[in-house]
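Quick heads-up: structures coming right below.
Each of the two complexes below includes chain A, the first together with chain B, the second together with chain C.
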Partner chain A sequence: MENTNSKREEILAAANAARWDMGDTFHDNIIESIYEDASRIARKVVQQKGEKEAYSFDLKVDKIVTSRWLGFPLMFLLLAVVFWITVAGANYPSALLASLLIDYLHPVLKHAADAIHLPWWLSGVLIDGGYLSMAWVIAVMLPPMAIFFPIFTLLEDLGYLPRVAFNMDSLFRKAGAHGKQALTMSMGFGCNAAGVVAARVIDSPRERLIAIITNNFSLCNGRWPTQILIASIFIGSLVPAQIAGIVSAGAVVSIAVLGIGFSLLVSWSLSKSVLRGEASSFSLELPPYRPPRIWQTLYTSLIDRTLIVLWRALFFAVPAGIVIWLVANVNIGDLSLAEHFINWSNPWALFFGLNGVIILAYIIAIPANEIVIPTILMLTVLSTKLSGIGAGSGVMFELDSVGDTANILHAGGWTLLTGINLMLFSLLHNPCSTTILTIYKETKSMKWTVFSTFMPIALGLIVTFFTTQIWNLFHM
Partner chain B sequence: MNTQNILQLHPGWMLATGLAAIVLLSWFFWPQKGALAMIKTARATKERVHLEDALKFMFDCEYKNTPCNLNSIAGNLNIKPEKAGTLLERLLEMDLIRMNEQQISLTDTGKSYALRVIRVHRIWERYLADETSVSQTEWHNEACRIEHHVTVEDTEKLAAQMGNPVFDPHGDPIPTPGGDLPVPKGVLLSEIKEGAVGRIIHIEDEPKNIYEQLVVLGLYPGMQVYVIDISENKITFAADGEECTLTPLFASQITVELLSDEQRITQKHELLSALEIGEKAEVTGISANCRGQQRRRLMDLGIVPGSTVTVVMKSASGDPIGYRVMGTTIGIRKNQADHVFVHRKRKKENEYA
Partner chain C sequence: MSTLNNCETCPAHNRANLVKLGLDLSNTDYVLAMAGNPNTGKSTVFNNLTGLRQHTGNWPGKTVSRAEGGFIYNDKRYKVVDLPGTYSLLSTSTDEEVARNFILFGQPDVTVIVVDATRIERNLNLTLQILELTDRAVMCVNLMDEAKRNNLEIDIRALSRELGIPVIPASARRREGMNELLAAIEEVATGKFVCRPHKIKSRSAKLNHAIESIAKQLEEEFPGLPNQNWVALRLLEGDNSIIEALRTGELGSINVAEDQGQS
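Now for the complex of A and B:
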């Protein structure tokens, strides 16, 4: 035994000494010779037939898709169509789900609870809190997810998305990121959690981390309704009624574009500062075009997304709903917890052109951006003691008429500045808890999870602070 | 609620305070130049650092047979001669060096201590070069900073992960854990004859400003050099076919291994990035400046000497460019294609392939 050991050491020492003589390149030489052998064998035994033709068709398509003049317009047109189909197509099923789950099923459940003499607080916590919040997330989130992601997957299957990454790469390279971040960003417009998962396609560690951290700057599905509502109340009302629709849509799009700007800016500063030394490499496979497997794609992405939404609704929205109901109904003295917090935070929230209701809504609605507006409305009614509106304290609600919603917000002291700041803060705040959890799962790092959670809040507070102070400077 | 009533402060003051806060924070946290970074560097310069650096330097002198005295140590560590004096006394006390007359030499303990620090330093340089994006001119400084803080065990783990490298990225051999080093090889570029052919095996990374200029010239270990002309104050040579002129001082930073039987490279490399759409070429090599993950990726994709590459498309903004290699199309950025050497195929050869 002793002998073999010493012999082994001897051989290892000899091998190490030999490596000094061989120099630094012998690993490469081995790879080269393996490739050489492989290609020699392949030449000998493989016959190629007919591949040429299919490939030349690809070349023709690529010439158009990546051309200097047509490449970008084509891409924007296609993305616009995808978004339009999503927004337009989701309207009807969303309304249907809302009327079924919220308008019809919620009262039925309440009556049932009364019938079996459930205490008011238990039915409040479970039905007004947990159930309602879950119903909201499903109604708002499910239809757009079920439409957006299958279309996206089809485009990928077709082979078009890699060309988008190919075209967009030069922009992202300047920001220190990977062209494929264009894809994860677009996914983020559907759902940030899905966008974070999609960052797996980026094989370079540094660029992948950048894509994960900045995905939150893509305005996700849950935030679009908030933006559209606030824009039509506060910005649409500034202009004549005929163009109000276009102007408020323009405002929402500018917020989304601002988000893309922040995404690039933050990518750039990350790659220049904290992530400067992380390993980075680039390569992009451009697969051949092929007919997409439509049914399979539709089926799997529908099932997958539906499951994500339901899981999210159950595990995050239900607890959030319970907390929301509780803060509105647990009283200390003669005020509820919510009112205590709102009164305490109102003075400093005004530095940022926001108010206590908004701050509280964003804290307790971390699990889902979809319930921010219903929560804000409920809290506003609660704190201003408006009567005859809403469904009672702790019960989230939304109104069919934009005008009525506007009245509530105006009664809560909202101005045009509050509206603008809410839109900015809705873009620049922490990701929802599903996304935070996904970021942790994907990066396996507490540090980056915490960073991705708080960095957007800090940015949001900075941006709203300066917006407010500059606004005040001109309106003193 | 009225905004103006609650906000007592003038927004001008608020703006000024906000801006000042941002300026202050960025001054503090700014990478490399900020106050936080400064505090970190200041704290790193401790006695142990100086001791280890002095040992390293003395070992290097013995290895290369160059003189070593108080002044050269002070110069290398960038400290005052008096301070270097106290440092040497301390080393004497610790029985790491011995002195007779003006000659300073390492004791056996001193030597093995120095070798341990050198091993750690070079392994980390290798790591920085291969597994991170830290720039070439920063490897040395970064490794100098790290070497005094990491444990030997961590470094051994790192070395095992990288397949126990035997050279650092400048071409210096890495001592074995037992402290063995090969006999120094090669001659200085400043000392070889006209017409000689050799291969660069080492580029000295200190002083930093000379090294930076050699990096800018694109010189790296592995290049073939052919000395064209030597005169009083300059040496002209071809490095991989590209003509280059250096002063003897600069040339003395480069170590060359003489080659007698190798074919001289007469032509400059053609670069993959220089090809036009539709052109075909055979890959002849990847520059040694393309390292680690980046290099492995290119090779994984089939960019190895002997394979044929065709330029198929340009992205809408001109960079990256799509290449067809081994039956698939891949997009590569220009700064990567700059690292790939190719040999253009003539039209006739095209029909063949």
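Now for the complex of A and C:
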């Protein structure tokens, strides 16, 4: 053994000596020799016949989409169009699914339960709780996902994503993060869990962790409906009806851009403190634009993304639905658990311009952001005892028109400030449980999972607190 | 090309020869490695061969760690390892290390180098480095449809002659060229086609002398080491992971695996 080892060291010594002997340019020479051979062979076998038409077309498009002045506006415009298609296109199938699963199937199930004399509490827990929350998640979440993911995958297939990364690279680099974080951030706009998984493209563990922690600042599909609904009720109503749509859409886009800002800010703080380090460089080749394969894209995005994400959401929605029903129906004294909590949290929630209903809804809706709005409405009705609306205690419902929703919220004491703060808090709060689980799976670290969960809540409370205090200064 | 397409779309032809095994990797006869620059369509070729649906996308770096799959061709079971795309094997990013270590220590029976037909010269840089590492390789010139769109003409025969390995034109997105690729893989795997891979020519006499002398010493220490010249060059360059492999004797395990494979 001794012998062989000394022989090995001898070889190393010989190599070292030879390296010194060959001088500084040695490494360059080796690379040069490879390039020389490659170029010689390429010259022999490749011939350009006529114009490089497609190539110069690619160049022209790239000059525009990655240009210093047009790059960002085009990016936001494209994202806005994608989201607009998603939201507009999802409305109809969502309503259809809701009327099928909730208006039609839910009473059928209730009658069936009555027919077989199921105890009221069991049919309540199973049908009003578990089934309804599952139905809500399918109705609210499936259509936007089935629209957003294929469009996003088409953009990916076309080759647009690397251009986004190219545009954002310098911003993320200044924040001490990896340029590819732009890619994972974009994925997060669809689903944070998918964005967290996508962070695997980042080599450096430090930068990957930053990308994972900050992914929650990308507004996900589950939060867009909340943003849009609240924006149209509280912000769209401030302006004349003709421009209400544009103004509320603008409000939603500002929240999304604010999210990007927080993503950069938190990345920067992390890379200057606990996750200190230099941004690693990477070479990103802008691939040629390729005509996307429509059917294949639809198929894989449906199987790989939509169904997997939906399945996980459902997995968590059913138990959440049961909890909602229970807190609304289990009474201590005269009041239900939900009312106790709301009465207790209302005073301090007001410091943050929120209210007890919102706090409780966010706790119950940890499994899936999609059920936040139904839960808020249900709890508001419960706590203000509005008569004639809703379907009974602990039954999640959604109202037919934005006007009905507005009435309930105004009756619940909501103001413009509550609306703004809800939008801010919807951006800045803990990730959904699916994402939390994914973060744990990807980082294998309890510490960072806990940090990723609570840091956004802390930020959200700070931001809503200051918003409220500043607001009060002007409205006292 | 049109007759070729007819063959490929004919189901009888495919069924007779290719059985996609997906993730079933038991009792494999041959191991394939898929290597190449980022975004050349390695994962698409991989999916075509194995019937798996590894997510593909038009951006570099989709394949994060290696993916594995299998297929049966002419009654032989093949295991395919889809390596992350790299521009070279010289520097030390994780991707490059995964790719290099697999080709070096995994000793695949055939390395399929997938290159982008519209960027031959840049792709050749990696190809030449791979050919320093292994003697058994097949080049798949993918994205031929795009090369055509760009009015590029590629002399496949000349390329094959220069590199000393089979070269197959393909458009993996349209599933074109996959049967020819399979046939070439089989020929190299079974030894019917003996590769005479291109070795870097334009090196100084001094460097060549140093490589030879180190390689000779390596041969004494690790008899039968298949990539002596390459290892020698890496040692000359002071490559830490190779120095480590030399010190621990991991280098020696390469030729042990080789012996077992052949006996």
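Please note the rule applied: the second predicted complex is superposed on the first by the 363 of 476 C-alpha atoms of A that agree within 3 Å, B and C clash if a C-alpha of one lies under 4 Å from a C-alpha of the other, contacts with A are read in each partner's own complex, and residues count from 1 in each chain.
Keep this in mind: a contact is a pair of C-beta atoms (placed from the backbone, for glycine too) under 8 Å apart; a residue touches a chain by one contact, two chains touch by 3 or more.
Everything quoted here is computed from the prediction, not taken from an experiment.
Asks: Could you look at A:G159 and tell me whether it touches chain B, chain C, both or neither (first, second, both, neither)?
Replies: After superposing on A, A:G159 lies in contact with chain C but is clear of chain B.
Asks: In the superposed arrangement, does A:R19 touch chain B (first), chain C (second), both or neither?
Replies: After superposition on chain A, A:R19 lies in contact with both partners, chain B and chain C.
Asks: Please indicate which partner A:N472 is in contact with in the superposed arrangement: first for chain B, second for chain C, both, or neither.
Replies: It touches chain B, and chain C stays clear.
Asks: With both complexes overlaid on chain A, does A:K180 touch chain B (first), chain C (second), both or neither?
Replies: After superposing on A, A:K180 lies in contact with chain C but is clear of chain B.
Asks: If you stack the two complexes on chain A, which partner ends up touching A:S273: first (chain B), second (chain C), both, or neither?
Replies: Once the two structures are laid over each other on A, A:S273 reaches chain B alone.
Asks: Across the two complexes, find the residues of chain A that touch chain B and also touch chain C.
Replies: In chain A, positions 16, 19, 21, 27, 31-32, 35-36, 39, 51, 165, 203, 283-285, 287-288 sit in both the chain B and chain C interfaces.
Asks: Hey, which residues of chain A end up touching chain B in the complex?
Replies: On the chain A side, the touching residues are 13, 16-17, 19-21, 23-25, 27-28, 31-32, 35-36, 39, 51, 58-59, 62-63, 66-68, 71-72, 165-167, 169-171, 173, 179, 203-204, 206, 272-274, 276-288, 346-347, 350-351, 353, 355, 413, 415, 417, 462, 465-466, 468-473, 476.
Asks: Considering only the defined contacts, which chain B positions touch chain A in the complex?
Replies: 1, 3-4, 6-7, 10-12, 14-15, 18, 22, 31, 128, 131-134, 142, 163-164, 166-167, 171, 173, 176, 180, 182, 201, 221-222, 286, 288, 292-295, 297-299, 301-302, 304-307, 312-320, 322, 327-333, 336
Asks: Would you pull the chain C residues touching chain A in the complex into a rising list?
Replies: Where chain C meets chain A, its residues are 37-39, 53, 55, 57-62, 64-65, 87, 90, 93-95, 118, 120-122, 124-125, 127-129, 146, 149-156, 158-159, 162-163, 173, 198, 200-204, 206-207, 210, 213-214, 217-218, 220-221, 232-233, 235-238, 243, 246-247, 249.
Asks: If you look only at chain A, which of its residues touch chain C in the complex?
Replies: Counting only chain A, the residues touching chain C are 4-5, 7-12, 14-16, 18-19, 21-22, 26-27, 29-39, 41-42, 44-55, 153, 156-159, 161-162, 165, 180, 183, 200-201, 203, 283-285, 287-288, 290, 292-293, 300, 303-304.
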